[in-house]
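Two complexes are shown next, each including chain A; its partner changes from chain B in the first to chain C in the second.
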Partner chain A sequence: MIYEVFRQERKGQAFQHAGSIGAPNQEFAEVYAREQYGRRQESTALWLVPRDAIDELDDFVDELGRTYHRVDGYSLKAKLKEARERAAARAG
Partner chain B sequence: MNELLLELADDEFVIGWRDSEWTGIAPVLEEDVAFSSIAQNEIGHARALYELVARDLGTTADELAFDRPPEEYRCSALVALRLVPDWARTIARRYLYEQADERRLAKLKASDDPEVAGVAEKIDREEAYHRMHAQMWFDRLRDEPRFVEALEELRPLVDQRPAELGELWEEMTSVRRSVAGATW
Partner chain C sequence: MTEQEFLEYVQGGGQVETGDWMPDAYRAKLIKFIEMHGNSELMGVLPEREWILRAPTLQRKLALTAKVQDEVGHAQLIYRVVEDLGKPREACLDDLVAGRAKFHNVFHYPTKTWGDVGVIAWLVDAAAIISQKALLKCSYAPYARIMKKICWEESFHILHGRDVVLTLMNGTDEQRELVQEALTRWWGPLMQFHGNPIPREEDPMFVWRIKSQGNEEARQQFLDGYVPQIWELGLEVPDPKLRKREDGVWEYTEPDWDELRHVVTGHGPRTADRLDLRREAREHSAWVRQVVLAEAA
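Up next, the complex of A and B:
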């Protein structure tokens, strides 16, 4: 069985993927995870997840290139510049 | 008290030495890391205990660990055995050792000497992980005949001391003896 290990470096921080370990069951995985990711005070907590329990979604399509759905897909720079110029012209 | 502390220190030192012989050749990589780390802990415990005794005797931890004649070591026959490459017996030894160690540490934790009690307390906090490790292997191998036989075979050696060190002493002390009079 493969277990994925996530570790939290300091209280309150987000857990980050640390690596994976092979173990025959949850009990072995716990001991190995402690040894490899927790024994040098490098973690305040660990999450231990059987790889099978992870639902991985990676089938994202963007056939039409709808970049305006993304924050960086819609440039405001030029529009802002125009708006400022219009405002300045009206005020002047 | 020094007698008892040295007995414990020698046990920890020698089992740490023996278990570290598995580094690089344990059955699986994860176990290799865990087992080596446990071996290293045991040697760390030995150091803490040697330091405690050394202060009392006006010597050093290194001198106690490496410069005594073989007949002065107090460790048990259990820890002195060379068990590589027999994993079933190695785990049987760890299990028996941790059980005996827990009882001994409980006594030291209740000591009137606050320094001794403090060191025992610290050591026991790490031993908790060793016991967890030994227990999980025990649960896994308890129905394996080779493991059950190994437990029976090794159990009488837990309190059999002092051990014949022989070759082990030669190995352990060879570096120190190779440069007579050196201060390290």
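Up next, the complex of A and C:
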């Protein structure tokens, strides 16, 4: 069985994928993962996930170009310049 | 994606994951390269292991044991990457013990004294880490990712090796002589380590961006980083032509490429012994694998 190993480097941080290990069952996987990814106190915690349990989604297409819900949909520079000029003109 | 588009993609800095489509030629080159790296990690512990029982202090014994564990761990991680590319670890080990696979030239030589242990851990690991750091940008992302962990551990090895060498250099004349003799023995293989200076554009491993630097670039980086550190200890590098030109390029006597070819094709002074030992260890531990697999089933 292949297990994917995720490690947390310090408390409070996100777990990050570290690599994978091959082990005949979960008990061995725990021993191998400890040795491989934790023997120098380089991790505060590990997650072991059977590879088969991972459901990967990677098809994120933006066919309609929906920029209205992202920051790159709002370019304020020109509008801000105009608004400032208008304000200055009004203040005269 | 065509093979040409793939080539342009990796040459433009693109990275590839295990499940992505890749040309067969790329997959074959990856397997060959990464498997050789795994073999080298596994065979590289054999010369050092000979010194665990003869280490001069308990501290050194523990450090050397830890280094050996690290290297075997690297072999496990690396073979794991090869497995995901389609070649099982058992097949890699079959090829290795049958003498059908290659491993780095430096692991085909004997270790005569404790001085060799210091020189190997310091300079062989230094040469290796230069190659490995260049793999952090490998176009095959899973390999690049595990290289981060490997480089991190190798940096402890270099420090440990340098500490062994410095301790000997601060000792008696006889101890200094051990280091000098070891350096003299290892200089040739060290200069051959990064391979012959073919232009990187002609190196298929560079073309596919498996490696991110050419052989000669790696050797120059090694010389630039370590020759000053060797010289400052009063050690002599056994190459009368070695010098740094004003433009920063190191000149040296042409390494013995015939020796390199001869050694890596399985004719080194210790190749047969080490493969025998690996074969024997594999046979002796076969029952453990059987029990573990039966237990887990």
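By definition in this document, the second predicted complex is superposed on the first by the 92 of 92 C-alpha atoms of A that agree within 3 Å, B and C clash if a C-alpha of one lies under 4 Å from a C-alpha of the other, contacts with A are read in each partner's own complex, and residues count from 1 in each chain.
Everything below uses one rule, namely that a residue touches a chain if its C-beta (ideal position, glycine included) is under 8 Å from a C-beta of that chain, and two chains touch if they have at least 3 such contacts.
For clarity, every value in this text was computed on a predicted model and none was experimentally measured.
Should A:20 be classified as contacting the first partner (chain B), the second (chain C), both, or neither?
Once the two structures are laid over each other on A, A:20 reaches chain C alone.
With the two structures laid over each other on chain A, which partner does A:73 touch: chain B (first), chain C (second), both, or neither?
A:73 sits against neither chain B nor chain C.
Quick one: is A:31 in contact with chain B, with chain C, with both, or with neither? Answer first, second, both or neither.
After superposing on A, A:31 lies in contact with chain B but is clear of chain C.
For chain A, what residues appear in both contact lists, the one with chain B and the one with chain C?
21-24, 27-28, 35-36
Which residues of chain A touch chain C in the complex?
17-25, 27-28, 35-37, 42, 56
What part of chain A is in contact with chain B in the complex they form?
21-24, 27-28, 30-32, 34-36, 39
Flag every residue of chain B that touches chain A in the complex, lowest number first.
Those in contact with chain A are residues 28-31, 33-34, 37, 129, 132-133, 136, 139-140.
For a test of understanding, state which residues of chain C touch chain A in their complex under the given definition.
So the residues of chain C in touch with chain A come to 19, 73, 76-77, 80, 83-84, 89, 142, 145-146, 149, 152, 292-293, 295-297.
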